[in-house]
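Scrolling down, you'll hit the structures one after another.
You will see subunit A twice below: alongside subunit B first, and alongside subunit C after that.
On to the complex of A and B.
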């Protein structure tokens, strides 16, 4: 007998942005992401309600993927930001803060949806066009002949996550490793289409950060390393199995098998495995790798004959291993291994990190595979460090697409806002007819947009300090909360990105006050000072677009219909 | 769904929780520990816990800070087996420092900057006040006898020359005294170092020293200045008085009656041994093997019973074992009853649940190769030269083990078994923990090759240095504006923060003193501050002190202040790496909690849990 459950009706929310519940949640969400931004951002302890492990993080990729709301409207924004993060790794918090701030500003200004969207679109175009210009005042060309700028870029990315708990020296060490690893993945002299290699990251808990290192080739965990001590010929022939060699019948799945009595299937499979081993031995294989389990008898058989056996490699290492060795993974044990499937490594050696012993597989020739060993004192900080290093790797890769970087420390945001204000004022009369709104509406929209940009810069400060901009370059400055009025100039030191030093001739105003109109000057070309903080150009440009487009979509939503079943 | 609290900064809840948690384990600090009963109100079960790690393990901490603390302590314990109490205490104390700083309006960034500097200062003091073991072997000085633990009997050591101190005369074992004379400067006296490292667990440390002596006797090639803990196993014997704990070369196993009679027969022979990694039964398959489902047996004849399959396997294995002339099988997993019985009948002794490290040691010593399946055994896998000695008959009944046998290899057995005994079953765990704490402390000291003066001396030195730097800041507050491009403003709060950090260490020292039962909280604090004043007032002494002490020479000037009425105290040592790690981890914990402003809980369903109304989530907001 079936039971009928009454279907509950769908819930429809009219004008979601006027709904107090949604607004409260949006502002909470905003607080959550704003408080995470930057090297002094606050951390979040993420855990489930049944006592799972605690993750301490301020990274958008970790935080946003666990956050979910009862309001689909908020999930929409979240998903959009997460999509950006999955493609570009960096600037997730920037996008989230900007997007939420845009929604809030436009709502507060009471602009009609259409007008706000139109103005935002127009200003976004203004910004992207400016950022892509050669003479853009907040962009730096990256010079690949020196690693300095790359290291700065990496260091800015790594220092932006305080949950790693790194000292300045440790952050620099990790930045250098990231750049080194990145450079190792760029093949030097391969003709035709260049295919970037891969960085395999392994983490070792309990060691100092400074013991972290990068090696060309691949490091794999090894339980029994005694066998490696015997000398081996160079190079070594390698076979890689993706099929399980456990001796079970896992290949056939869950199908039914009928067997006659007296038939020992286990031993038949084992016989087949031993035949395979014999063939491999005949073909002079010296390194036998399997993604999954290898039957102990087979392991014993091979080891006794001087073969290095690695089992349970795991699926993530398969691709880098095949790239490194040139081997084709063998997917079945029921046919002989074709000769073309074999690969090779030039040499093997043992590396030890704490109590962990690893087998280092050296590449046969120049190869773009490298392994990064990350060490840290505890699991919490190590897992954040791993996330950050992967993000940095991605950021460095993006420089190949466009060898530029943006000024960090909030300077890009303030500079861009000043530029937009300036540009709008000059072209006021030409733009308004095209947008189809009144001048007052247009100026409100512009103010909201610029304030939203500036609010990202302000979000970098978490200790009650105030954010300033200078009136020449429109860079971002932070004033500690406890500074006397007369000490201001001394306390400022350098701007957020470190490019501009404070001097008696400079003038500052607080952000969020009525800003005087300035035309932000770019710094003169051959400046000897280099910015200390750099942001990814490609990631930020995309984040800007994602933020504005998501905000526009949110402003455009009229009804939210929720199926409650 | 998600719940989220935004914490108020002035009353940082996370830091308060950290401090409260640390308070729970105050009594487990120092040499005089107190047991705690932890009772589960629902099940009525209770546990006896003594160390910080065990207390936390038995408390079911569900809050995020609690879990973070437990994860940190667990990771530390896994590696060091000691120092967890110190870690948690300082995390609590320094957490309060951070809280105090927040209340004084110091920003999080400045707190972190200053506390990191304070930690660097402390670690620098540790590094400089560590004494190499070699030097200690040569310089048995009268120094360092700073007695925060006046309950100890006085002992004096002589200085600088190779003069033997009284410790060497006390050594009971003959082989130690022989090896001491010729290579004394190379091999320091382990017993002396161990005594200093016992931290109130003299009994446990005695066992450690005995184990290390057995190891160094067996392994002449390995210098006695290492202690390999992987070759030490513990065996717990409940129901026997505590003073019958002992250390034996070899590996002790408890056997049941049938096995015991077989062991009696095998005693005195050189046995051939096979080692099995896994269970010994016909149905066992190695890890990762998936037993296929959906197998049906089709047959024209009537089915053979399933037992015959096992019988077939048994027959095969036993024949193989007899062919290989195996008399002893050590199995890391379990042994099926039928196998045990059949083997017993063929005079093959099967021992189950052998620890992995023991199995490996047997493999090395007997030349055997561990295999997963008995059918894998071949000539070269079988080891030789293993002896069984009946060690003790235990009066016991009800199918419980009756006999303890010692299985060892004839030549150079590497394994040492420490038998721990207690009449109180619940205490065995603590005794085992204490043993391992001592063992690891000695192990790490010998590995580092340096020791730290213990008993609070290092902490006092740190306090002194922190104060010195703090006062320097007060005297010239805007003094150095070094590397101004790194830091725009000079850190005005450094002095305050360093002072508070020093208070945390003073709190640690005085809590240890209070735990001895000889001081009240007030008296302990007065004693510490008196002592501190002594060397700050007497500037020349303090200068001399830091100079001389750091070079590993006489420091009697300082120690006098802390000496109790009973006169001189024995040397107390600490492990440099354990202390350094514990301090660092404590500060890491504080930094993580300090920088956290919100707790995000995932997986709460607002509809089903009625979460917003649920009192458990009071104070949480829902997204």
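On to the complex of A and C.
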């Protein structure tokens, strides 16, 4: 019986951006994400009030999904960022910071909603068009003939997550592994539609990070497998069952079963299972895998005859296993296993990681399946490392769609801001009529947009240093807090992405001061110097779009209605 | 009685102030959270009103009326509230002025109430008798007629010819419903979609009806991208992943078969063996027929999946009924696409008549994609009611409450004078013109026919109420209001060009809107008392019955 419950009326908030409570929450949220950005970002420890597990993180995907607000306005921004991260795995914090500071800047400038939205949209168009141009000054073509740039891209992504607690050498090791695993999943010899393989990640706690490794093929936990006997015919025949072989009748569902006295159903089912095993033995199967439980009698029967039995494989490993072996899972127990259902592995061996013993199934030919073993000293760091490696894998995969990367270390943001300022100044008279606002309003909007971009670069610095921009290439530089005016040039070294070195001919200005107009020059002959920090191009482009769109949406909201039921 | 009346008035004014935030060119979005905690965004009047979860029965009645209206036309819910508020305001002022304590009414209030009720009834009678004629006379000459061929000539150049009518109509509709920055994209997408779904040699309404009916199966929401990446893809998208690895088809046509039941019965032991044998027979038969895709409405057993996989077939399970019915209309497909099953059709004999395609709506969050999907569907509804002014109008009057039964008969037998597909420029043009015509009409009547005093009075009242809409549209620049009005009244029917800049809206939607508002007004005024009754069994629940015709 359904109960009627009286619905209570909703709570309304008029003009949410003028509401002080919401503004305070927005700026708090802004501080939260700003403090997490970059390799020196501050870690956040998340507890919940019922004493669940404690999470230490600075990654946007983890942090934003645990932060919850009673304000739907904040949640709107949060879900937008989370949806972006779930698609692109990177640049979540960038999008969050940009979006929040756009809202703040436009509110501070006191622009009419419609005007601010129009200007933001126009400038977004400018930025995306520039980023997609071939001669864009902050874009780097990725060269797949060398793994250097890929490793740099991976390393930037890994080292921007300080909660993994990695030393420089460890970060490099993990980046190499990520790139190696990524390359293993790209099949070399399949014409037509390429189907990428899969990286199965396994984590082992308590070992040094440097013992982490990548293996082609699949590693499976051995629960109670005895020693694998050494000589095996090459390759081994494999059968994979997806139905339970426990001999139970669980899949019958509800309903009554009437059994005549004297009929033992269990033994009938077991007999059938043994018949099946006999057939499998006749077909010379050496590896017997089941997704679910295998009846102990059947296990014993098979093991006695030298078959390696793996049970309770789990649904996640089924797909990589069938891809690796070429076997087709069997679920029909009452008909003989068709010959086409068998698969192959070239060899099996045992690998030991700390206390964990694993069975390594070697691929029969070149296969796109590989296993990554991640080791770290404790659980929280390990779980963060696992997340980071998955993100890095995704970022690397995105390079297949568009083989480019953007300069990291805040250089893209400052460069882009300088470009926008320059472009706006040139085309001032042409754009204003189309936008339907006054020149003053337009320039205010532009200033807000550029400052928001630069504020992302500034957020990279957490130790009180100041952010500078050079007047030739518009790259981002960080000045440590206790440097005298005279030795600025020496203490700067390289810019954020490592592409430009400081030289006496260069001039710098502080980022948050009134900027002189510069036309950012692209670097000439940059082949000798490679940038040290790279960001994913696809992810950042989408993050930029999502951030501006979400900010526009937030600026457009006139009313908040909260259903209190 | 007096209390209820004041309350109605207050409620409607509050609703008006809420709706005004998202009305007109400077209007913005409203963010609301559902009881599930989901955040939704909208500029649609009806969604805002229903999200408020109003408690008072009269307020709920208003929301109900708006809902009824906008579910048919998909448009005009904000204008509805606006007009309602201004009409009520005028009626009250007039009623208070005219009310005299007579023998039948003891108090001044009662007299005012009776006058107000009488006025509302007269308004409704007048409108259902004369309004259509007046519109045809005074508004339609300034309008344009949409032709179905407009879709084919969709070009993106902003030149002012008749060919862009549909596009303009849609653009102005989306400007009232979405954030201004994405209206162009959405308009172009809608035009493209409708062009592709056009059935040759058929009524435009039938293909619009088809899109409207199948819209849930025709669109896919994708989160995490910007709205600008929304696009159309050829074929149909089935919103389920493959249950078995999908094959490489290399663009070859493949055969598919649809199942709605279980392929393997649930049996045990010996019977299981029989069931498996019969299953493999079925699959073998299908294989012989060259079928390589099984589409199933239910979840099949693991055995079915593996047997099918052994036979190189792939299975898609748990497909929505809507999608399967659309599929059965379109049938025969090739090309497959990961994540969702994407089928594209290759019907040689039908290729020249229409091109099946489905819409991919991208957005950073669920709130946005949902909003866009709603706006799309409402746009199709709006077009549909633009094309079919008669059929729906008579249906509507049938549904309307008994309070207006007197006029229902009248309406049903009258043949619509409005031509299908009539549109007029937006930005208050309709209201200005109708206002003008109403005033003229009132004057002429008062001259010719001395005894009926009601007509000029009523048309004056209606004309005044109408102006509240353009007044809100130009609320930020009042001089525009006067300029536009002056230009319109000076303009003759041939100089339409300047008006096109304002966008377009549908005349029949507007007409229906006025009728619906007037019906709502008269039924609101007929409410005398609201009885709050309490059920005995469920103490915490109160349900209100509004006594509709207490003293008619």
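Convention: the second predicted complex is superposed on the first by the 535 of 565 C-alpha atoms of A that agree within 3 Å, B and C clash if a C-alpha of one lies under 4 Å from a C-alpha of the other, contacts with A are read in each partner's own complex, and residues count from 1 in each chain.
The working rule: a contact is a pair of C-beta atoms (placed from the backbone, for glycine too) under 8 Å apart; a residue touches a chain by one contact, two chains touch by 3 or more.
Computed from a predicted structure; not experimentally measured.
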{"item": "When subunit B and subunit C are modelled together on subunit A, clash or fit", "value": "fit"}
{"item": "Touched partner set for A:117, first subunit B, second subunit C, both or neither", "value": "second"}
{"item": "Contacts of A:50 with subunit B and subunit C, given as first, second, both or neither", "value": "first"}
{"item": "First, second, both or neither for A:38, with subunit B first and subunit C second", "value": "neither"}
{"item": "Touching partner for A:381 - first (subunit B), second (subunit C), both, neither", "value": "first"}
{"item": "Touching partner for A:86 - first (subunit B), second (subunit C), both, neither", "value": "second"}
{"item": "Touching partner for A:559 - first (subunit B), second (subunit C), both, neither", "value": "second"}
{"item": "Contacts of A:328 with subunit B and subunit C, given as first, second, both or neither", "value": "second"}
{"item": "Subunit C versus subunit B - closest C-alpha approach in the superposed model, Å", "value": "12"}
{"item": "Intersection of the subunit A residues that touch subunit B with those that touch subunit C", "value": "249, 252, 257, 265"}
{"item": "In the complex with subunit A, residue positions of subunit B that touch it", "value": "1-2, 4, 6, 14, 60, 62, 64-65, 67-68, 71-72, 75, 79, 105, 107-110, 116, 277, 285-299, 301, 303-304, 369, 371-373, 376, 380, 484-489, 492, 581, 584-585, 588, 591-592, 595-604, 606, 621-623"}
{"item": "Interfacial residue positions of subunit A with respect to subunit B in the complex", "value": "25, 28-29, 31-32, 35, 40, 42-51, 53-54, 56, 63, 66-71, 74, 162-163, 165, 167-168, 205-206, 244, 246-250, 252, 254-261, 265, 292-293, 295-297, 300, 304, 312, 377-381, 462-465, 480-483, 490-494, 498, 532"}
{"item": "Touching residues (chain side subunit C, partner subunit A) in the complex", "value": "18, 21-22, 25-35, 39, 41, 48, 51-55, 179-181, 223-228, 245, 248, 250, 266, 268-269, 272-273, 276-277, 279-280, 301-303, 305-307, 309-310, 364-368, 538, 540-542"}
{"item": "Of subunit A, residues touching subunit C in the complex", "value": "3-10, 12, 14, 16, 72-73, 75-76, 79-80, 83-88, 112-114, 117-118, 121, 192-193, 242-243, 249, 251-253, 257, 265, 268-269, 272, 319, 322, 328-335, 338, 340-341, 542, 545-546, 549-550, 552-553, 556-563, 565"}
